[in-house]
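These notes open a run of structures that come right after.
Below are two complexes that have chain A in common, paired first with chain B and then with chain C.
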Partner chain A sequence: MFDSLKNRIKTVQEKLSINIQAAALTSPPSLDEGKGKQGKIRLTEKVRTLVRDRELILSEKDIAEPLAELELVLLENDVAFPTTEAIISTLRGELTGKRRRIGSSIDTLVVESLRSALRGVLGSGFDITTYLRTHEKPVKILFTGVNGTGKTTSIAKIAYFLRNKGFSVVIASGDTYRAGAQEQLSTLAQRVETKVIQHQPGADPTAVIFDAVQYANAHHTDVVLADTAGRFHNRANLMNQLEKIKRVIKPDLIIYVDEAVAGNDAVIRAEEFNRLVGTDAIMLTKADMDMKGGAAISIAHTIGKPIAFLGTGQAYEDLKPFSPDVLVGEILGEA
Partner chain B sequence: MVSKVDGTDSREVQALQAYLNEYGQQAEVLSRQLDFMERQRMESMAAIDALKALATEKQSVILVPIGGGTTIRAQIIDPDNVLVNIGADVVIKRKNTEAIGFLEDRIKELEALEKKVADSLDQVRGQINEIAKRIDQEYRKAQAG
Partner chain C sequence: MLDTLGTSLKDALRKLAGKTVIDRAAVDELGRDLQRALLQADVNVKLVLRLSQTIKKRALEEEPPKGMGVREHVLRIVYQELVNLVGEAAPVDLSPQVILMAGLQGSGKTTTTAKLARYFQRKGLRVGVICADTFRPGAFDQLQTLCAKINVPCYGDRHVKDAITLVKKGLELFTQMEVVLIDTQGRHALEAELIDEIIQISNIAQAKHRWLVIDAALGQQASGQARRFHEAIGIDGVLVTKMDGTAKGGGALSAVAETKSGIVFIGNGETIEDLERFEPGSYISRLLGMGDLKMLAERAEEVIKPEEVDVNAILRGRFTLRDMYKQLEALNKMGPLRQLMSMLPMGGMEIPQDAFDVTSTKMARYKVIMDSMTEGELDDPSVISSSRIHRIARGAGAAPEEVKELLKYHRMMQQALKGMRGSKFNLQRLMKRFGKAQ
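Then we have the complex of A and B:
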């Protein structure tokens, strides 16, 4: 996952360390260092000490080159421009202008500053199990997104995940439009041993989801996972259909599903879906195939909604609840 | 998913057929991804050829397609500076040689990704073959019985 980004961030990380080390070696001693009765002796001693024992104030110029490189690296890996700017600005703020003791490791300083900058744009994530435990049942979750991003498979994975966490689940087969969608969902639901509510192909998806909610009420089911047909945000009639579902069903959560490999396109589409029908959380599929990580890094920052899950493979268990700390660790090569 | 196939009762040909369809859909998605990446890679290679050729030919005239099957003759006024979409819809000006370097890196990345997707596709196809064989066996058994 995110191999291209990881490798290139590592290079920038090394360059930042080299630049900071060079700045530490060439910077004038801090005011405190020259004080004392034997100022000259102390100064000489200080110069002889290792860089790690020094205090210094880094200027923007000291790190301008690696930061410019990092900016390009992020953009080339499809991190959205405003998100890239936010990361660079935080990193610059973390590293420059402050009097700091380098301490035992310049590398640690760089890694921690990068971690803080990346962490700043990723948001807090979304813990769905806590949400479910603290909300009135059944919790109705509506899935939206464009065609072919893996929405239906993701719903089966989430059903599998939630059942393993002890929640009872019913799936509403609200994609009554795509040929084979209902068969696909009933097969997947059977595999993960989950009840699925279906109508005839072409039926009103609102009615299907409504029936699933009725079923959940009658059977004290914890969660309703409502599938919908994939649609592009510029198709007004289909977006109106989503609006109708939302009006009638009043979902507790709307999860927008897109593929991580779509990069910046996924970010733009998520923004449009959020604007038109609202979004509470995001799931990114095919993250295991994503070399760049642009969508995963930018999407939460751009639309201001948390990522709930990452799809990481073909099997039902290949679903990771999103953790910003784990993702940052992955990007920094710690995982 | 694979282990469940192994554990399926041999009479459940229908269930095997459903698995076959599911894997078939997965294979289709992966094939589409592979085709898309292949096209991107070919485009980048064509762009490299064009940039190299333009760098050696000053004041070249090229045909620019403007839609509807029509093209227009245009003169390249600055072949040494290229505008490159580096990602995230950000376009920057690069020297011809830098743009070629960027495209070569992109090709390398695509090759690595294509390999990954192709490996996944092979795995899925392996499963498809295995299930198809199982279905075939079940039919043979039913016919013999």
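Then we have the complex of A and C:
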């Protein structure tokens, strides 16, 4: 996972280091005599300071080229345009202007700046089990997203995951529109041994989910997972329908599902879904498809909501709770 | 549809407007803006770099033809290069054939298969559909339901777990059919076993076409995935789905470049009729925000009689209630208004979002109300006074407010169309030129 992004970032990282080193060599050694603190230090110490802990000031010019390359790298890896610009400008801000100590830590300097830039856009993680333990049962989770991102499959995976953590789960088959959706969900649920509430095809999804919540209340079920039909964010009627579900059911969590392979549009639709019905957490699917990690970074950055899960394959156990530190670590080649 | 990309490109081009001599700085800037626009549309980064270089070079080296402004000259080069990149539409003939569908999970293969079945059926061919997706639960139910709606036989078996056996049996069953479509399970290039499976299916089926289904939202992945599918089974056509969202479909461009094929169809809606034959000229025109009259006319011909929508009158700015009525009537056949509008040349103007948010039930109401109007009122809505509104409302069994709302909607549309006519005179002229150039 993230290999391509990781490798390319490494190259840029090296270039940055080289440029910084070059800048250090060309800039006159900033003699520290002026600082009274160091004036009293013994000569050997002083020499060491000069050779190893020299300070330098990076100008924008010094890092312009590697940063331009980083920009391309990010774009190539599906990081959306506005997000890319945000990362680059954070990085530029961090690296330029300030006095920097230089020596053994060039690499650390670059890595730390990159890390903080990435951490900045990724935000904090989301731990669903803690959330479930600290909230009143049943916790109602609504899944939203555009067509074909993998909502139905993800619900089965999450049901499987939660059951293994000891939670009881009921699934509401709220996709009453797409042909075969109900059959798909009921087969999946059967395989992960979870109860499904279903109505006729074409039924009101709100009613289905409402019934599922009633069932959960009656059977003291911990979690209700509510599937919905895929819809495009530019369809006012379908978005209104989702809004109605939200109004009637009052879900505790809305998980927005999108695929990790989506390009720039990922940002637009995440934003629209967030604006129209709200989003509490994100699930990214198809992360096993040689993914570039960009969608994760851009979506999280754009709507400022945490990513809860990654879908990483076709089996039920192919679900990974997401942690931003792990992602950043992996991208920076530390995991 | 593709309007966001269009807008960014237009921004880039606007900067050239008014310039009489091509200077390097302006072209450099255009190159950068173009890169940005295409990258935002998910076109492959390497393609974008190559493209913008060629455009820059041509813009600086080629003399603009006499009488053509700098902006139009550059626009023409941009257009030509984009047409080059996207290539010709991959051929579809109506001879007996087997078509194999391939693509990533959730790209829309099953829905598109049903749409294709409908397409060939409407061309008067006998169509059979084989469901070779043995993995995804509900896949067969989905395909079967969709096929049943259009009375196309669909073969599949929930209990058979081997796709190859299914394809063999299906082909035997459908020997009498002229067109056989094989829907397969979603897979991606890293799943070696599944790639193996589709190679075997392709060998057994001896498919005439192997089409790759690409989600319009697919990002930089498109190139790599397309390349590997191409290596496996030799893709000879690309279908772009979900073009009714806001995704710009740049991934499809990358896939086309990778497979050296062309785009065959565009899927742009949830109903079975929402399939559009790809046309490079109009795709690019739409990309550039110039709209496409040719396609609108073609499409209109296929589903309704030409005189039903008088495009020219609309473009002249005479948009009467009668035109609106015709438009509403044609609506079911021609797809939503948004689609219709996106085919009209509307350059830099913005259609208010409200104009599209009219629901189909409301549309039906509007038709009823208009049925209660006189000929004169339909031709010239300005004669409708408040007493006439009351008469119309009574006749249609509607509230006067509804009549007023309808009139307001009409005014809004009229306003939008007017803006279109005024500003886009040049672009229309340019489009004609493009028409000749092709």
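In this text, the second predicted complex is superposed on the first by the 309 of 335 C-alpha atoms of A that agree within 3 Å, B and C clash if a C-alpha of one lies under 4 Å from a C-alpha of the other, contacts with A are read in each partner's own complex, and residues count from 1 in each chain.
Basically, contacts are C-beta pairs under 8 Å (C-beta built on N, C-alpha and C of every residue); 3 or more make two chains touch, one makes a residue touch a chain.
Note that the coordinates shown come from a computational prediction; the quantities given were computed from them, not determined experimentally.
> Clash or fit: how do chain B and chain C relate after the overlay on chain A?
Chain B/chain C on chain A - steric clash.
> In the overlaid three-chain picture, which partner chain does A:E183 touch, first (chain B) or second (chain C), both, or neither?
both
> Touch test for A:A295: chain B only (first), chain C only (second), both, or neither?
After superposing on A, A:A295 lies in contact with chain C but is clear of chain B.
> Which partner chains sit in contact with A:A315 here, chain B, chain C, both or neither? Use first/second/both/neither.
first
> Now for A:G263: first (chain B), second (chain C), both, or neither, which partner does it touch?
both
> If we overlay the two complexes on their shared chain A, which of chain B and chain C does A:D78 touch? Say first, second, both or neither.
Both partners, chain B and chain C.
> Count the residues of chain A touched by chain B and by chain C, then name the partner with the higher count.
On the superposition, C touches more of the residues of chain A.
> Looking at 187-195, 241-249 or 385-393, which bit of chain C clashes with chain B?
187-195
> Please identify the positions on chain A that touch both chain B and chain C, taking each partner from its own complex.
In chain A, positions 72, 75-78, 80-81, 148, 150, 180, 183-184, 187-188, 191, 261, 263-264, 289, 291-292, 294, 314 sit in both the chain B and chain C interfaces.
> Can you name the residues of chain C that touch chain A in the complex?
4, 36, 39-42, 45, 104-108, 110, 135-146, 188-190, 215-222, 224-225, 241-242, 244-248, 250-251, 270, 356-357, 359
> State the interface residues of chain A toward chain C in the complex, per the touch definition above.
The contact residues of chain A facing chain C are 72, 75-78, 80-81, 146-150, 178-188, 191, 232-234, 236-237, 259, 261-266, 268-269, 272, 285-286, 288-292, 294-295, 314.
> How about chain A: which of its residues touch chain B in the complex?
It comes out as residues 3-4, 72, 74-81, 84, 148, 150, 180, 183-184, 187-188, 190-191, 261, 263-264, 289, 291-292, 294, 298, 314-316.
> Report the residues of chain B in contact with chain A in the complex, numbered from low to high.
1-2, 4, 18, 21-22, 25-26, 29, 32-33, 86-90, 102, 109, 112-113, 116-117, 120, 123-124
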